[in-house]
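Chain naming follows the written order as A, B, C and D, and within any one chain the residues start at number 1.
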């Protein structure tokens, strides 16, 4: 299963990226085959049809599972991530299995993924059978919420139950 | 595949119910094995632990796929449906495949299922890989939106592409 | 200023009610002139046009400010509260100033009021200039979040800044 | 009353801008004192602390009322608008009266403003007492929805009822 992570943090090499890679590997048993760092695309995301952006879209389209990861800005996903999602047509990702992951400073924004990121992913065609995952920035590497989520997400995606790390 | 429909319309034998049965059959190729008319449960839904409510929950839990259907009241699902969903514990439906269906008087509430019903279904444990389906009350039997949705929902649920009616 | 609290907890005399009364008094400087305990209306809420329900609606309509309070069930407001809100027509409350209050067991549902309760109140015509307030059940009587919210809510409603309790 | 419009359309001189200016003038009786075209800020929005962005923020902060306008992309506001909103701290706009306006191609996304734009505006401190306004791109200049909204929005903002155009 080829997993691709899309990282919507304006800072390269962020905890968002490391968390996305960890979750992808814990969920599927293998590291992601590619990571799309939206911060590298920069101003190309402000227009339409850039070759670099098209290449990033192709990477996403070729995946078996896409993990979209964002820091929590203003109680929702980052503007940087939305710029990239805006590059897809409605339904373009045609039932592509996807996971919504958000990292936040405190627990009070835990519903952001379910209420804001998953509806946008659905609009561009993704299938998100698992709940959105919300991890505290200060505890993204291990938390009871993560373990509970992995069991349910594996079941929702038809994957074997993940082992302990 | 055993499909159960849950109908959150206060009126028995509503278009909501007929639409739910039609969608269930179009999506899976067979009529639902059971229909839970929440209007029949009535005041039992205002408390906790009624035997009739427990039986309805068991019907839901035994299904392979559950279609939750509601009329659109105040731009979201009905209070009657929420009374029933409140009877489940968080996560109780453990990755149960589910579909969110809403019927409304006009197109302007089309996002209600995605933004309001799917998050609640997710909270009680359902997997909703397909977009929420929104049908106009006046055109629930046939619409281009329905045909488009059936193709995508079948793919999302791992079902064969539905035939024409 | 006549404040009315509407309480969507199925249990009479709940913390939801006490918190609603406290918030109403802290925000406006006077206790509520009336409290609508939806649990007392019971099965009358399952139909349309009951005299008791109409009287409760009249109480709401006569208020200068309405505080709608709900426990958090399944990451959103209770089905009981929604039954009552369903009794209003779209826009019926014609720019009535209102506050959304939710009590929950943990901080992870803090966005529920903003994403789920305020949109429904808006649909029935309420003006909700302040953020939804979310209080932990275990700390509803005093919390830093409450004090911060009171300052902002008073400004949003054009009221004098509340004093300390 | 000094009104400022913030325009989140990547295209300069868009219908989004013209609609925002028209709504601002219809609601308050005077044209906006300033318009912030986010498309002019471009790559400065991808980082933090740019002088041009700070100047735009100051324009917003000096207003009596801010109208945030966006095209509907992927059933929600544009990534460009979110980049700008991300530049504000939580609560920074301290009870600033604001209006959420979205233009879309069809009626089916009419709930987007209420469910996605208003919660973000609330997070950065805005007071949005009126419903979000959603206008069809093809009918932004005149529609029954607009007239109905103007009456309610004026009441919600404590403004005189707007005259006919």
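What we mean here is this: a residue touches a chain if its C-beta (ideal position, glycine included) is under 8 Å from a C-beta of that chain, and two chains touch if they have at least 3 such contacts.
This one's a predicted model, so the numbers in the text were calculated from it and none came from an experiment.
Counting hops only between chains that touch, chain A reaches chain C in a minimum of 1. Counting the residue numbers used at the interface between chain A and chain D, over half appear in both copies, so the two copies meet with largely the same residues. Distance between chain centres (mean CA atoms), chain B to chain C: 28 Å. Here the spacing of chain B and chain D, counted between their Cα centres, is 35 Å.
Residue positions of chain B touching 2 or more other chains: 75, 111, 114-116, 119, 123. The touching residues of chain B, counted against chain C in their complex, run 10, 42-43, 45-47, 73-86, 88, 90, 115-116, 119-120, 123-124. Partner chain D is touched in their complex by these residues of chain C: 91, 94-95, 97, 111, 114-115, 118-119, 122-123, 125, 127-132, 152, 155-156, 158. By the touch rule above, chain A contacts chain C in their complex via residues 75, 106-112, 114-116, 134.
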